[in-house]
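Residue numbering begins at 1 within each chain, and the chains themselves are lettered A, B, C, D and E in the order written.
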Amino acid sequence: MNPLVDPVGVVHYLVVGAVLFTAGIVCMAVKRNALGVLMGIELVLNGANVNFVAFGSPVLRADAGPLAIDGPVIALFVIVLAAAEAAVALAITLNFYNNHSTVDVDRADELKG
Amino acid sequence: MMPSTLLGPASLLGPTSLLGFVAGGGTACGFAMVPLAAVNWHGLFFLAFAVVACVMAVAVVLADNVVRMAFYLVLSLGATAGLFFLAGAEFVGAMQLMIYVGGTLVLLVFGVMLTAQAPFVSIKTATGDRVLAGIVAASLLAVLLQAAFSVHAWREPGRFPGDTGGVVEPMSTPLGMALVGVRVDDPSPGLAQENGGGNGDGSGGAAAGGRSGYLLPFEIVSVHLLVVLVGAAYLARAKRRRSSRELSEAAR
Amino acid sequence: MASFLINTLGLPAWLAWTITATVSAALILNVMAVGALVFIWAERKIAARIQDRLGPTRTGGKFGWLQSVADGIKLLAKEDLMPEGADGLLFRIAPYVSFCASFAAFIALPFAFDFVGQRLNVGVFYVVAVLGLEVFGVILAGYASASKWSLFGAMREAAQVVSYEVPLGMCVVVPVMLAGSMDLVTIAEKQAGWFTNWYLFHDPFTFVIFWVYFTCAVASVNRAPFDLAEAESELVAGFHTEYSGLRWSFFFMAEYGSMFLVSALASVLFLGGWNGPVPIASLLGLSEGTGDTAGYLVRLVGCLNLILKSTLGVVVMMWVRWTLPRLRIDQVMTTCLKYCTPIAAVMFAGAMLWSFFLPGGLVGIAGRRILSRPAGEIREGWLKGPGGRGRDVVSSRPITEAAMMPAPLHSDDGRRVSR
Amino acid sequence: MAPILLADALLPLATADVSDAAVASLPKLLGLAWLLPLASFVAILFFGPRMGPHGRNAAWLATAAIVASFVLSLAAAGTWLGAHPVVGHAAESHAAESQAAESQGHHAEAVPASTGDWYTLYEAGRLKLSLGWYIDGLTVLMFVVVTFIASCIHVYATGYMHDELHEVTDHDVHLAAGGHLHRPGRFHRFFQALSLFCFSMLGIVIAGNLAMVFVFWELVGICSWFLIGFYYERKTASTAANKAFIVNRVGDFGMLIGLMALWGALGTLDFGRLFELVRPAADGHSLRVPDGMVEFAAVDKVAAVAGTHAGSPEAAASEVAGRIDGWRAEGIGRWLLFIAGVGIFCGCVGKSAQFPLFVWLPDAMEGPTPVSALVHSATMVAAGVYLVGRFYPVLSPDVLLVIAYVGAITLFIAATIALVANDIKRVLAYSTVSQLGYMMLSLGVGGWVAGLFHLVTHAFFKSLLFLCSGSVIHACHTNDMRKMGGLAKVMPWTAGTMLVGCLAIIGAGIPFVVGLSGYYSKDAILAQALSFAQVNPRHSILFFAVAGGAFLTAFYMFRLWFMTFAGSPRDHHVAEHAHESPAVMVAPLVALAVLSVVAGWKLPGGFGIEPLIEQARPAGTADGIDGGFLFGGLKIPAEHDSHAPAIHATATMTAFTTAAGGVLLAAVMYLWRIVSPFVVAAVFRPVYKFLAGRWYFDELYDAIFVRPAKGIAAVASATDRGFIDRIIDGIAWSAKKLAGIDAWFDRTIVDGLVNATANATWNAGLKLRGIQTGRLRQYVMFIVVGTVAIFVLATLLFRSGVAAG
Amino acid sequence: MDEPGGISRGSLLEDPRLDDQRIIEFDVRTDEMLVNMGPQHPSTHGVLRLVLRTDGEIVSEVEPHIGYLHRCAEKIGENLTHRQWIPYTDRMDYLAAMNMNLGWALAVEKLMRHRVSERARHLRVLIAELGRISSHLVGMGAYGLDLGTFSPFLYAFREREKILDLFEEACGARLTYSYITVGGLTADLPPGWLLKCEQFLDQFEPVIQEYHALLTTNAIFVKRTAGIGVLPREMAIDYGCSGPVLRGSGVDQDMRRDGESIYTAMYDGYAFEVAVMKNGHYPRDHAYPPVPSDAVLGDCWHRFFVRMLEVVQSMDLVRQAIDRYSACKEPLGEPLKLTEKMPAGDAYLETECPKGQMGFYVVSDGTAIPWRARARSSSFSNLSVLSELCRGCLIADVPAIVGSLDIVMGEIDR
C-alpha cells in the first residue's frame, strides 16, 4: 500500500478526501469571517469530490469500480453546483455586509432563541 | 503500510499532525526502503499533489488573513485538480481548474476586496473555539478514515498506468454523451438490437434500457444555474436608497 | 524521446522518463523565457517603427538584439522593493503565480505533431483553464501591494478576465465541436491539408468567431486596448505599480508568454496548427507520423510553422497596442457582454447548424462527424479504444497493450464482457 | 405546377450515387420545414407586439418562415424525385394501355417510405411515444402543396388583415353602453395563430405514427378555434369557434376508440409497423386481420388454451400461434379491424366535415377569409382526407363502403344546400364540404389516387376561390351575394381568377383533350365510381350521387359567379365602393389561378402530380380488395381498371354533360334571367325552405342532443334542489344541534387538555431556546458531532455488517 | 483609510451619498477611497496633484492641489526691468513661450502707447501662430497619451521638433525664446528661413489627416471623449474659462478678434474665422472629419477638435503672415530701450494664447522697474472647472478630462 511502490488505490484518495473534508469542517467551525466559512464549504465539497472521482476512476481500481462514469459525472455536478452556491453565498454575504457593516458571522445571530 | 492502530493517537493530535504522518511517513519509508528504479512515478506525483492539497487545506484553517486563506484555497483546489488528472478524470480536473479555481475563487477574491476593510481582513477566533473544533474534527477524521479503511475492495491497489506516461482512456466523450442521456460506457445487448432496426438513422430512442444517462439532472442543473444567477443578481442588486432630503420631504 | 532513450541508449525506464520530462520542461521554460526576450525586443522595434523611430540599434552590435538581455541584467541588478504595508508572503509569491500559470498552460500546447509536453485529452479546456489562473497572481499582487492604484488594477483585472472567459470559452468550443475532440493535437490534425481545411475557412461563422476569439484573447491577456489593469495614464502602472526588478520581470514574462500562448492557441484552433497553407510534406510524400529522420524534419518544419503563425498573432497584438487608445472599464465590459458574448453565441449556433447540415465544411470534404454518428457507432468506437476513434491516429509513442485496453466493463447481469 | 417544375429543376443535384444519402436528408429538410413555422410562432408569441409598429413585422416573419418552409419542401421534393424518379407511364391515365404491362410496370416496384424517429419521448414496455416521420411521395407532395398555399395565403393576409394594424372599431359588436367595440388591432396575433396552424398541419403530414397524428390533430383543432374565434367579441364568431371545436371532439372521440383498438390489439401506432402487421409483405401485402387483433378478440379462447397448458407459458404461446390462422379463418377479429378503421374515420368525419358532423364548417366562415381559405378549404379539412389516404392499407372493404356512403351523403346534402345559400362564403363552405365528400367517396370506392389527386387540385382552386371571395368581401364589405352583381368591371382580376376557379372546380375542359386541373381529378373520381358501380351493382347509387353532385356543383358555382360578377349592380351603395384589391392580394390569386389550371397536367416526361401520388400508393392496394363480411360480396375494384376506355369515356362524357348542364341552368336563371330564381323558389317552396334551412340539421341536433341534454340537466337540477337539498338541510340542522352539545364538551374538557399540553410545550420551548444560539459556527459543530455520533452508533450496532464489507 | 497628505475629511463633503441628490442608487455598500493622483503621475501634465474621492471606479469628487511649481515669478517681476522679466514669462507656459513673450510685450507697449513697425507686426503674427501650432501639437499628442495611445504623441513631437528647429534658427533657443520683446523682436529672421517655414507647412498639412485618422475619428477615441466631461456654455463663462475650452463649449470668443485694439490691430488684414461651432457646424474652410453623433457640445471631444481646427487655422495665418512679411520692405526696427523714464500708470492686456486668454497687468510708478507685474493665467481658470466636470465620472475619465483642458502647471503656479 505504499504509494511509492504500489499502484495508488482508492483508499489513498479517500484519505486525502477525508483530510480535505475535515479541514473544511474545521474551517466552517472556526472562521468568523463569512468568506472563511464559504471557503470551508468549498473545501468540504472538494473533499467529497475527491471521493467521487476515486470511486469512478478507471485507474485506481482494477475493476473500474461500480461507479464507472457516474463518479466523474457526479463530481462535475458538484463542481457546477459549488460554483452556483458560491455565487449565492457571496451575494448573501454582500447583503449581510450591506446591512450589518461586517462580515462576522457571529454577529448574524438575530434568530437566536 | 498504514497500520490502523496508529489512528487512535493520531486523531487526538488533530488534523495537522495526521497529515504530517500521511505525508512524512509515506515519503520516509518510500525513500528509505525502495530502490530508485522501482519508484512509482504515478504514486510520487500523487503524493506530491496530495501533500500540497492537504497542507494547503490545513493552511486555510490556520490562516487569519482572508486573502491568504483564498490563496491557500486556490493551491489546495489546484492540487486536487492534479489529483483528478492522476485519477484519469482529466475532464473533471480541467473543469475543476476552470470553474472552481478560476471562477469561484475570483468571485471570492472579489468579495474579499469589497469587504477588505482593515478590521475584517482578519477576525480572530477564541482559542477555546479552536481547541473544541480541533477535537471534534479529529474525531470526525477518525471516523472517516475508519470508514475508508473498512471496505476491503477500496484497499486493493489500483493498476499501474503503465510506462506510458499515464495514457488513460479518454473520458470526455462518454462523459459528454452521458450528460445528454446516452450511456456509451454501458452496453446492454438488448438496447443495441433495438436501435439497429426501426429507426432511419438510429439517433432516437437510445435512452432506454441499461443505466440511464444524465439528461434530466443536466437540464435541472442548467435551470438551477439560471435560477442561481438570477437569485444572486437579485440578492446583490442595486438598491435604491432615498436620500435624507427625500425622506424629510416625505415626512413633511 | 523516451523510447529512444530506452531502446537505443538502453537507459532504465525511470531515468528515461525523468530525462524526457526534464528536457520538455526545460524546453518550454526556454520558449517562455527566450520568447519573452525576443518579444520584448520585437515590441521595442515594432513600436519604434510604428512611431517613426529606430528603437534600439547599438546593444549587441546590430539591431540592438541584445537589448532585452541588457534589460534583464538591469532588472536583476535592481533593488527589490517592497512597500511597508504590503502583505509580504503574497507580495513575493504573486509574480510566480502568474508566471507558473502561464508556464503550466504551455505544457499542453502542441508545437507540432507529437511535439507536446503532455498530450491531454482535454487540452483545450486545460489551456483555457490554466490561463485563467494567471489572473490570480495579478489579484494577489494588487491586493498585497497595499497601494490603491494596485488594488484598482487588480479589481479591474478580476472583473475583466472573469467576464471575458465566457465569450472566450464559447469561441474555443466551436473548433472543439467541429473536430469532435478537445485534444489540441487532434484538432490540429483535422485541419491538415491545404489551407482551405483550416477552421478559419470552414464556414462563415468560424471566420467571424476567429476574430471574436482574437479580441477576447487580447482582452484576457490584458493587452491594449484592454490593458485596464495596468493603464499607465490612469493607474500609474496598475497592479505592478509597486513591483520592481526580477519580480516585475516575471509579470512581464507571464504577459508575453500568455500572448504567445493565446496566439498559438488561435493557430491550433483556427489556423491549422502546425499545418502550413500548402501541404508540402504530404505532396512530397513525407509523413509526420513516422519516427525516422524525415518524420522529425517534417515535424520541425511544422513547429516552425506554428511559431511563425503565433508570432504573427503576437505582432498583430503589438500593432494594435501601438495604434489604438485604451477603452474605459465600462466600455470593456460592454464590449464583452453586449458584443462578444452574443456574437459568439450566435456564431456558435450557426457553426453548429452548419456542421449539422453541411458537415463537409465550406470547401473541404471531411468525414462524418461524431455528432451525426449513431450512438451505437460511437459506443463501438469507444470500446475499441483510442485507436478506433475517427481517423486512426498514428502515434509514435509506444502504447502498451495494457494502456490500450480500457477498463473492463460489466454487462447488466454482471458477466464480464469479453472482447 | 410551378413547385413541381422547380423541384424538377433541382433534380440534377440529386444524382443517383448520392440518392440514399439524399433520402436520408429528407427528415432533416422536412423536419426543418416543419419546425420553421413553430419558430415563427414562438417568436411572435413572445415578441409579437414589439415587432415594428403594431406588430407589423410579425407578418413578414411568419411569411418568411412559411416561404422558407416552402423552399425547403421544394428541395425535399427535388431530393425525393432524384431518388425515386417518376417515369414511364405518361399517357396511362387517359390513353389506356395494356393493363398487364402496367401492373408489371410501376405497381410491382413499390417505393419504400422513409420512416424513423427523431426523438423518443417515452418508452416503457410496449408503449412508445416518439416524434417520428413517415415520408413518401404523398408526404412530400402534401408538404409542397400545404406550404405553397399557406405562403400564398400569408402574403394575401398581410394585405387583408391590414385593418388590424391600428385601432379597430368592430361594427358587428354592439356594446351594452351603446356604440361599437373599440379594441386594439391584433395583427400579430393572427399571424401567430397562422404559424402555429401551419406547424400543426405539417406535423400531421409528416407524422410517423398515429399518436403523433392525434397530437397535431388536436393542435390543428385548437388553432382552428383560435382563428375562427379571431373576432371573439362577436357572439357569432365565438359560438362558431366553440361549435367547431365541440363537433370535432365528437369525431375525435371515435378516433380515440380507433386508436385504443389499434394499440390495445397491436401495441403500436407506428404507421410502418401497422401496415406491416395488417398487410404483411410475406403475404403479398394482402389485407388480413393481424395476429394481435385475432388474439385480442379471441381472448377467451386464448385463456382456454392457456388453461390447458398451465405452468408452461411457452407451450401455450406456441399453441396459440398455431391456432391463430384457424381463428382468423373463423372471422374472429374482423370486427376489431372494422372498429379501428371506422374509429379513425370518425376523426376524419369530424375534421373533414363529413355527414353528420359537417355542420361546423359553414359556421366557421365567421373567421377572417384567409383563415377560411387556408384552414377550412385547403388544409385542415384536407387533414381528414389525408389521414384516410395515409391509413388506407388498414381499412377493410367494409370500412371503405362506410366511407363511400358517408362521402356520397355529404356531397349531396352539401351541394343542395349550396344551391340556395346567399352568403358568398357559405356557398364556398358548402362547396368545400361537398368536394370533401367527393374525396371521401373516391377513397371509399377504391379511388385512392383519384381522391388524393382531387385533394391537391381542390386545395389549389378552393383556396383560390376563397381568396377571391375574400377580395370581393374586402371590396364590398358584405358577404351577401344579393347585394353584389356587375363586379367584373371594377374587379377584373378578381373576376377573372374566380372564373378560373369556378371552371376548375366544375372540371371544365375539352373532353379527351385538355382541361383544367379539376377536369382530371374529377373525371378520375367519376370513373372510379363508375367502375365500382359496375362491379357492385347494388351500390350504383354512389355513381349517381357523384354525377348528380357534378351537376349541382356546376350550378351553384356559376350561380355564385353570375350573381357576383355578371349583370348589373343590385346595390349601388356597394357597387360604388367596390374597388380592385391591392397587388399583394391579387398576386396570390394569380399564382393560385395558374396552378388551378395546370395542376392536373403532365410534363412530357410523364411527370405530374397524379403519377407522383401513384408512386406513393401503399403496397398491396393496387389490385383492389375483395371481401367484406358485413355487407357481403363487396369488391373494391383496382384503380387502374377505371382507366379502361369504356369506363373512362363514359365517365368523362357524364362529367362533361352534367357540368355543362349545370352551367347552362345557372346561366338561364342568373345570367340571361330567362327563368326567375324567385319563381323557381316559389314553385318548389317546401324544397327551397328545406334547403334554405340547411336540411334543418342544426335544429335536428338541437332537438336530439342539445334539448334532451338541457332537459336532463333541468330535471337533475330540480331533483337536486327539491329532494337532495332538503335531506341535506335536515342533516345539517340535526348536526348543528349535536354540535352545540359537542362544543360545550370541547371547550371544557378537550380544550383544557390541549391548553395544558400547549402550556407544557411553551414552557419546554422557553427552556430549550437557549440551545438555539444563533451562532453559525456552533451549528456546524452540532452537525459534526451528530454525524460522528451516528457513525459511531451505526458501527457499534452493525459492526458485523461493516466488517464484512 | 489613512488620510493622504493631511487632507482633512472636513474639507470634502461629509457623505455625498446622502446629500447629493444624483447618487441615489448603489449596489454594494463600499467605503469611499481617497486617492492621490499626482503630483507624480503620468497623466497630470506636470506637478498637478488631484485628490480623488472615489467609490469604486466612480469619482465622486476631485480636488486639484496646485503650487508645486510656484517660483514667485510675479514677485520677481517687481525687481526687474520690464524687459528683464521677459525670460520669466518664457517659463510660464513653456510650451508656448513665444505667446507669453508677446503678451507681456504688448502689455508694456500698451502702457507706453507704442506701436511697432509693420514688419515687426507681421513677424509677430508669424511667430505667435507657429507657437500656437507647437503648443497645440503637444496638447493633442499628450491627450492621446492620456487615453492610452502612444504613437500619436510621437507623431506630434516629430512635427513640433521641426517648428522648434525654425525657432532655434530665428532666436537661438528651443524652449525659452525671449524672442518677442517690448517694441519689436530681438532680431530679424535669418535668410532662407521663410523658405524652410513654407516647406514645413507644406509637409505638415497632410500629416493632420493622419492625426484625424488616429485620434479624431478613431472609434475608441470617440467613445472615450464624446459626451465625457461636458462643460455647459454658462458654466464655462461663469468659471472664466477661455481659449479652446471656452470655444469647445460653443462660446464664440477669440481675443484676436474680440480683444483690445492694440492686440487686434496686430491681426488687421488677416482673414481667419474663429474655430467655434455655430449653428451646429464648424467653419468648414478645410476638409475636416464630421462631428460624431454622440459628441455633445462642450465635451472633451469638442475641446480637442477645436484645437485641431486651430492648428489648421494657424497654418493659414502663418501663410498669410509670410506673404505680408516678405512684402514689407521697411526695416524691422530696434526694440525699445527702456530707460529710467517710463510713463506712470497701469495697463492690462489679454491676448489669445494657445491655452486661452492670458492677461498681463503692469503698474508703473514711472521708474524702469514695474511697481507691480501680474499675470492672469488661462490654465488656472480652466483648471478651476475640473471639479465640476469630474463629479460622477469614472477614474479613467479623469485623465481624459484633465487632458482636454490642456493645462500647463508652469502657468498656473507661476
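Going forward, a contact is a pair of C-beta atoms (placed from the backbone, for glycine too) under 8 Å apart; a residue touches a chain by one contact, two chains touch by 3 or more.
The structure displayed is predicted, hence computed values, not measured ones.
Between which chains do we find the greatest number of C-beta pairs in contact?
A-B
Compute per-chain Cα centres, compare each with the mean of all protein Cα atoms, and return the closest chain.
C
Round to the nearest whole Å and give the separation of the Cα centres of subunit A and subunit B.
6
How far is the middle of subunit A from the middle of subunit E, if each middle is the mean of its Cα atoms, in Å?
62
If you average the Cα atoms of subunit B and of subunit D to get two centres, how far apart are those centres in Å?
Spacing between the chain centres: roughly 57 Å.
I'd like the Å distance between the centres of subunit D and subunit E, where a centre is the mean of that chain's Cα atoms.
About 82 Å, centre to centre.
Which positions in subunit C are in touch with at least two other chains?
155, 406-407, 409
Where in subunit D do residues touch at least two different other chains?
Residues 777, 781, 784.
Note the residues in subunit E that touch 2 or more other chains, in rising order.
If we look for residues of subunit E contacting two or more partner chains, we find 28.
Okay, in this complex, where on subunit B does subunit A touch?
Per the touch definition, subunit B meets subunit A at residues 1-2, 15, 18-19, 22, 26-27, 29-31, 34, 38-40, 42-44, 46-47, 50, 53-54, 57-58, 60-61, 66, 69-70, 73, 76-77, 80, 83-84, 86-89, 91-92, 95-96, 99-100, 103-104, 107-108, 110-112, 114-115, 119-120, 122-125, 129-130, 133-134, 136-138, 140-141, 144-145, 148-149, 153-161, 168-169, 171, 174-175, 178-179, 183, 185-186, 211, 214, 217, 221, 224-225, 228-229, 231-236, 239.
Can you list the subunit C residues touching subunit B in their complex?
2, 12-14, 17, 87, 89-90, 93, 118, 120-122, 125-126, 128-130, 132-133, 135-136, 139-140, 143-144, 151, 154-155, 158-159, 161-162, 165, 182-183, 370, 374-376, 378-379, 382-383, 385-386, 389, 397-400, 402-403, 406-407, 409, 411-412, 417
Which residues of subunit E touch subunit C in their complex?
The contact residues of subunit E facing subunit C are 33, 35, 41-43, 56-57, 144-151, 154-155, 158, 214-215, 218, 220-221, 223-224, 394-399.
Under the stated contact criterion, what part of subunit B meets subunit C in this complex?
It is residues 36-37, 39, 41, 65, 67-68, 71, 74, 78, 90-91, 93-95, 97-98, 101-103, 105-107, 109-110, 112-113, 116, 159-165, 167-174, 177, 182, 184-189, 192, 195-196, 201-203, 206, 210 of subunit B that touch subunit C.
Taking the complex as given, what residues does subunit B use to touch subunit D?
Residues 129, 132-133, 136-137, 139-140, 143, 146-147, 150-152, 198-201, 203-205, 207-208.
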